[in-house]
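Let me begin by handing over the structure; questions about it come next.
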């Protein structure tokens, strides 16, 4: 299947179209909104579902050396991508060091919804993938935050009356944030109860998954559209370009990292997607605590309003194509 | 007539990720209590925001109300301000009367 | 099947009984309530589901002349029913011109939940219906509002310091309200992705639909019962009677309009149901902006506490009987 | 199957593990939470589902003498268990009379979620059970409250300026609380519409039930864990012990009561589970009104943080074993 | 200049199960209205609580705001206090101005 | 001692469909910000209402809080009143102190 076919097929899926609907509604200033309580629950549902399914897969396949290698690659990428992003942003844009560090942290970390959209695309191609990638997603969330903090501290040593939390406390807090706990917890439960456990709750976490994803993507479209409307003025052209080029750079790095590893094509596509995705839930909250001087209008708008739509619409088909080249 | 006592009412609007940091300060400053009220949306010098549809905490605000002793108010305010100076948010102080002085 | 059988069968469906449960609970002052965030989401779910299913149907059948004719009939009925309602209310009740205009607007517009209940009844009879009726529902929401505004302006020309919005801005706002956007958007996505898209998300939007409808009708019963308790004192006997007779008049008009058109029996039943239904979400909100002097206790109570239960319990079987006479 | 096997099998079910996840997350101070609006709706969903299923069962079996005997046994147990609890608490702990009465009321009443977990365990063993047990659950909610009030009044006659509600008003309020209305209402609707009605809404109330239960148990774990963290200091060792021994005493009484009755093994297990369970929604709210001097930190923590986890993890397998001895 | 009239603003934080009891008292005391605002969490002499995840009313608080005539304030306060003395909660009183005096 | 500055706190309770109309007026009147708080239920001259179970905006109220310069308060109040005169809702004004005067 050609890249163009992949892209077209991806663009006319209900998921992408519901995202587009949300985007359009927000840009047209419709009063359509999803209540916050429901948006939070939908996000938890997605974590629960993919965590559990991944764990049940691993219960079948067991822990393998491949899994550990891919996790290691993920951690390293999550740690170094912010450095690359930081250097690039400082070179091409006029962002302050703190803003550049905060933005870069988002690109080192991952977006679960992009990952989920990737799974849909991979499954749409009939490709299998390794269940442990859920665990890889979990370990890739946090290193980028640490990396960004180190960058910001180099640029601006914490002042004496700096009452921010210690990096340790912060990492602990991020490690226990709702998404990580839900994802890892469900993964472990799926692992412990295996395919039998999965069969018990599949009518909730498997069957309606795609429809619920559509609703969540509608919500993401609404929030992204609102962000574009409010936040666009904070983004200069170089920053905007960063939001599209950085995921491509990350995807290239992930492809390289995969070459010696021998993941399946589906698994490779997902690993590349993870690496290319940018966080928009966990990292923004961490940045508000760790680097409150960084402007949220910049990093939230860029991650959610530029990179997420790009990945959803064009990135994922591209990463699939890359994967078919590097995957086993 | 009901005998009332003068207290100060702090009303703090702060971004949600910094909420724990703020309540920790309030506790350290020795306030006897506080109450947290949800906030739907708002506008300030940083622009318009809305909690609708948000799955995460960033970009969301909450309101914290604390009734404090007038004598302690300045000290509490200083601590609160040390958080708010770095985070998005505002604080206002007003006079209120309470019935049981010992409760606060 | 006789009208009596139809009515009995309708009354003992879980949907109608859950509505009755809500009504009873509210009248008995139980503390049973559905949180607002959930009620909103259930309403969006219903729009998403029927919009998508209707669109997927149209993807199979294509756009037909029949569809355009029925839409035209719907728009005209939506526009003229408020005039009839206004004249009737002014003649028989002591409502002010503004109140009469506001009440009438509700009867020209439509209620999606009544429509959905009609679909359930039609499907319960094993009757097929045209998917484009969802689009007809969407175009029937707004004309009535314009019509009511014109009536109110004739009665009370806007004063100089009238700071209300212009009719144009209002119509735009109503046209972009959450229900219309969700309904039309889902319809278009269903159309674009067709039966294949439907198959992907059917376990979410098709299978649990009836159960979720039960929950939503329970909520509507609770709100309607509360309205009856609080609002009943605002309704004089002529106004109460209007809430039952007006839908019958609308149904008769719709039946006439259908005679030359040749809709299926199921489709005819739904078109009559739409015409006979009264809005209780979009129009009340529009009236609070356009005619704030009109008393919400009157129009909300009448639409939700009188006309909706009447249509749900007795109207729909009657409209089915009418349709079997005029449908093809 | 041995008791040990039962216990092990129970402990590794997804339901129990999600509860444990919630508990662990709360104790580790993760920020994982389920929004209040969603938690309320999940609870309503559980009532709706088990109420309807129970009613549909009774529609098949009809009202039997057995049903009435079991209901009577339930009412009597609900009434006398608080007396036993009160005497025991006053003897072994230093709780005030009002606190002892309030705590005991919880143990006479029932917990629907414990009941639901019991159903899952019973079904996991392939055992059938009588549908009318849902009605038994409903009638067992309230007597304990009355009983506790009488105990508290004996200890502390209401003062002249006691502005509390009359016992009658309170019982009426409790009888119409959200859970009872939802449970009894759904039971009656299930009864009225029978297996045909059940088939219509089964994809909502049957298929995803277990998965939704997992989500709700996660939430209960979170709330219980928070309660443990905050409330543990209010519980002395004798009170803690009460939270584990009292359910065993209740279970023994229920087993005795069942001996002459001839319930099925599954039904007996559920009746014992109901009797051994402690309320944590309806009774706490009633106690805040009826005995506001009683400390909620004690009874909420004990019921939700001690007895519920005990029943979920160890109690239910034990009650199953007891039932296999007394059941038919 | 806009002419305003002095009123008293009662802000009552009370546990949810006692809400009806409180609003009944307010009605009996002849207040012309009140507004109920949700509360997320708080801390007081009885410790920390949070509404998150609760399926029931016990353990949850709400905030009631009532604007009352200064002349009636004491009487209202006494009735409110008769509820709050037995339930978990606090009440504060402050001065506010309103535009239409007849409305309150 | 913390230096504070006197401001006016407007607390507006207004029906949800008119919220945008109100915030537009606030913006036109040059306020520097506002915060919107959800409201659960209430009672006023138009009777009792509750947001519970509502799928639409009609029949629901929200609370808007805006801290404004004392000098501007009258002008803002007049604009707010021009909305509230036609819609369901109330407005109260009270004195508050803030720390950073320039922020408001």
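What to note about this one:
Order of writing sets the labels: A, B, C, D, E and F. Residues in every chain begin at 1.
Here is the rule we use: a residue touches a chain if its C-beta (ideal position, glycine included) is under 8 Å from a C-beta of that chain, and two chains touch if they have at least 3 such contacts.
Just so we're clear, the structure is a prediction, and the values are computed from it rather than from any experiment.
Counted as hops between touching chains, the shortest connection from subunit B to subunit F is 1. Contact with both subunit B and subunit D is made by A, E. Chain centre most remote from that of subunit D: F (centre = mean of CA atoms).
Residues touching across the subunit B-subunit E interface largely differ between the two copies, under half of the numbers being common to both.
The chain with its C-alpha centre at the largest distance from the centre of subunit B is C. In terms of their C-alpha centroids, the spacing between subunit A and subunit C amounts to 41 Å. If each chain is reduced to the centroid of its CA atoms, subunit D and subunit E end up 33 Å from each other.
Residue positions 31, 33-38, 40, 207-208 of subunit D each touch two or more of the other chains. The set of subunit B residues touching two or more other chains comprises 37-38, 57, 94-95. Two chains count as a pair here when they touch; such pairs are A-B, A-C, A-D, B-E, B-F, C-D, C-F, D-E, E-F.
By the touch criterion given at the top, residues 1-2, 4, 7, 9, 23, 27, 32-38, 62, 67, 94-99, 103-104 of subunit B touch subunit E in their complex. Subunit C makes touch with subunit D in their complex at residues 12-14, 17-18, 21, 24-25, 28-38, 207-212, 214-215. On subunit E, the positions that touch subunit D within their shared complex are 15-18, 21, 46-60, 82-83, 86-88. The residues of subunit C lying in touch with subunit F in their complex are 33-36, 39-40, 42-43, 161, 163-165, 219, 222-223, 226, 230, 280-282, 284-289, 292-293, 296-297, 300. Only residues 11, 13, 37-45, 61, 63, 74, 77-78, 81, 90-95 of subunit B touch subunit F when the two sit together in their complex.
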